[in-house]
């Protein structure tokens, strides 16, 4: 029932608004004795940080993380790790219009309907800035699962799919794309959207390798259900798939089978349609998740709306925005994958030793 | 951390295996004073019950529910409601081969890897029979949200999409299909799969109307994240979408906008690309979820596998199975929708009065 | 927020009313591979069972437990263990007066104030019969902590304290008393109360030996806080102490010290004022809890009250009651101790490996 | 399973060590629209603040709170409220001896046994400084329950009981004592302990008036169980009683009865032995809790102990300490009472509307 916490054995709570003084995360349940300093977290925040290319919002935030508790002489102590990031480049006056009328597709109306008031500065709590706290927490989670490697990449922008796969390419372009050709095409695509004040959707695929068989649990704690919860909760996400996902609905049982062969320590699989999860439990194969990001609703074309008094209005979102929020979604998807897997590792250890 | 519980304010726990003496659900947190008898639950179980047409498994289970607690003189008392359904048509010997080797695509290997042992009779806890308990719990949840109407229907089987939409049609064919023409086509399609010992996937769409604006909560308790968790946890589900879902990733911000106009009590929307949820909170529009079911892995074609000792083997799943598990998924999707919404109604009331 | 569940990693949910068809517990999160049959549970239920001496209620309940799920070929499978006990000796008509007026000291008025209605038959859900489900769940918990031995004994009835301590004596008298002399005195004491339709309070002390150092966790998951929650939630309990308890408030720091000396594997302690817990974490010493049970409010002396319409009334509790509920509290205190410790063992393993 | 969170519907998480840069609390689930500023919190922190008389530790901490999120234009927004208090008067070198050997009665050994390492500066996370975060969170909770008045007072120090009761007196002496005579006696008593480097225990009683009938819930969410958990988790607490508490174990059913008479809106009670709770649910009477604080283990008399290598040692706790930690426990007990009641109010609203 904690609206702002996630996880069970490894559990984190985030706080903070887009234009408040700071935002942060408290990570609880971290195993003791892990080496942790701000330098372990900062690179992941830097990857998500805005303002690094013309393809993301121009808000300039250093996103410098401070570790305020839970670490002593360079090691985690098992007590809560408090992480804080100060906001430094707020321009709340850009949002004065948002105070009065609802931006369709944004959370403005829903927040007002629920709470009777909202912090309209930069979207307040509903801003994607909150994902910085997830990324910081995710960096801690990675330390809990050194056996796992996680790579998220954008595989589609505005309907244009990447084809090639070179993992080293992901860090070389501003799109987290593993296909150099696609990355080049997307430059033009996203530039066009940006210049015309439009926006584009994207699909992110995330693969975790090294997950041993046995993580997750049946019924209401399924690994895939936890991942679906984690990913669907990211701002702008409208769809989540595991393995073949929706395509599996169009395959026959024969086509969708993942035959098994004797392996060294555990069986080998001849295919991975299942995306590494069966019955809610990891099989030892790579865990594969795909996440659909909608185009941001912040566009320069005026949209019909209503104001707080219920009168007809038009709104055009100024402020500074990502023309394609899905791009910066990649590090966030990676963080949520790490947080889910680290939590599941500890849960598995609790029950099965 | 309860592996077999779901929900927060309205929380249910299920138990039971496919071939054990019984299965059941304990529903906790139900508001007091609601009229409840077995007759309120049975129709939903009957809709999900197998053996009603040749398109589902031929296991004959009456799925008769008993209310063992929490109701006094026909009213809920606010104490836990224990629901029990006896298993009557187990044929465990059909599964003797499953005891020795792993069925690829099933949870057999993953359970063994996690727990070191498994109840192999009919899939044990991983059997879709568990969903009977969800459906029973879902019937209680519906009483908590009389303002909401929920309809799930199969919109696609084996890649063949239904086009028409007549809600009354859903109860008239064995496919929970709102399009009489598609239902007719599917008879042949599913028959073919059944006769050839193959299996088919399906897509189910579920729409909840009457959900007021304001249910759900930001960040890690988003209504869409809760729904994604609920749906991805159903047996055989590999994908979940809200509103436009993956299609939203291919739309521009202009195309995906849901403009608002002044309405009587609250704004009217000119579109519902968002599927009734913004920022994790309901907007007052219909809540729209789509769920992808894979084809069941139980097929008559032999598949390569390994046995418990790690030797190469082949397995062909006999037993009694659904040629398309997605069909009977429709009542389960409805139940999970009801359980999520009822829970969110109570949670909203807790925080916002 | 589950009102009827307890525990975190090992979590159980109970259901059922005093005069309903049955009551039960669902134990979730139990490690797999433990040997479990009904015979492992029944002895603990028998110890708590009423009607075995003239010092407890004369309701005759066999309290026969059935294991409905979670066990396969004699081993726990890691899936939920459903335990059910049928009620066979209800006499609801004894309670017809209770339907109309509130028994002071009982939950009657509070339930009506909260829920607007109540199952008045035998106290419904508020009956101490629910503790049978705890005892059954506790028997499962014991299997999780074979390294721990738990002994609860009544140390005081109606202000008369037991002095001697012979652990073997506990099973020899109907009072769970480790002092044969006190047990003899209590026969007369409780008989007097029973014959005059009065009731007596009691104090139960429970000691768990073999608990290793390191179970529990700081701040809001302290082992002592968990125990306090567990014990204060037992029917009729009004006080909980750890170690010296209230007496510690009257000692000086010097008197209350537990000096430490080098030991073989871990330090030895020269005293145990702390009751085996420091900073919320076990120290390796015996864990010592004391629990105060009030005299049951069911007495034959008429007490002033009001009826459901708010009119003045008098009530005299007929039905069948324990003259000293604290006696049968001993097995319940043991069960709660086992449930807390088993849970903490798994939680410790989750975080610290 | 969150080790550092408390509450269900209104849930708070604390973080921070005694000698780290800061400590804080994140309060989640707070209803929206409540007026909140730092001025609403500071007076409660000031009451708990050390260094205000010679009877508490001489560590000088301003305990200035900052509200970092969750409030907009002076109103709570329903999103998490992050509260931060900076540490300014750490003197870690006082604790160098504590790094090497275990202080008996402190959490030193237990933390090392659990985590393999510990932040020994000022007790790290186990320091009573953490209670500042509780007090800050408690101030927010009070806003949720304006109908309730809470008063905690010290009723006993070192075995010397206060007799008189003048609520206005509580704020007039440094002992939170409602009896001016006792306060005078305690000056000498605590001075003696302080000068001789000894320490004293205390008993705190807390009464909440204005709690309506119906808060709390049966079985494992009992109001008294929640209070027991909350209070037993406060540093140095070893016992918790509700109403008559342990004394109830020495009363007969007749003596312990709380007869009821017709009242205006709800029944009137002629006594309150139960402490305002029956069956785990509030009755409308004042809720009465008593809490036993042990004498702090930090004394100047050398105590036998072992060092980290397991060798025999002696330790004498220097640093700055409270001669009677129970005194400053009073504001902490009040805070926990407020946090439990506010949570229960929201939980009751969730289920019962």
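To keep things simple, chains are lettered A, B, C and D as they appear, and every chain counts its residues starting from 1.
Just so we're on the same page, a contact is a pair of C-beta atoms (placed from the backbone, for glycine too) under 8 Å apart; a residue touches a chain by one contact, two chains touch by 3 or more.
The structure displayed is predicted, hence computed values, not measured ones.
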Partner chains shared by subunit B and subunit C (touch criterion as defined above): A, D
C-alpha-based rotation, subunit B on subunit D, 0 to 180 degrees, nearest 5: 180
Where subunit A and subunit C are represented by their mean Cα positions, the distance between them in whole Å: 45
Between subunit A and subunit B, centroid-to-centroid distance (C-alpha), Å: 26
Shared interface positions of subunit A, touching two or more other chains: 1-5, 8-9, 14, 29, 32, 78-79, 114-116, 125, 218, 347, 350-352
Sites on subunit C touched by subunit B in the complex: 1-5, 8-9, 11, 13-17, 20-24, 26, 28-29, 32-33, 66, 68-70, 72-73, 75, 77-82, 114-119, 121, 124-125
Contact footprint of subunit B on subunit D as seen in their complex: 1, 9, 29-32, 78-79, 218, 346-347, 349-353
Touch list for subunit C against partner subunit D, complex: 1-6, 8-9, 14, 102, 104-107, 109-111, 113-116, 125-126, 130, 156, 158-159, 193, 198-203, 213-222, 224-233, 237-246, 248-263, 266-267, 269-270, 273-275, 277-284, 292-299, 301, 303-306, 310-312, 326, 347-348, 350-352
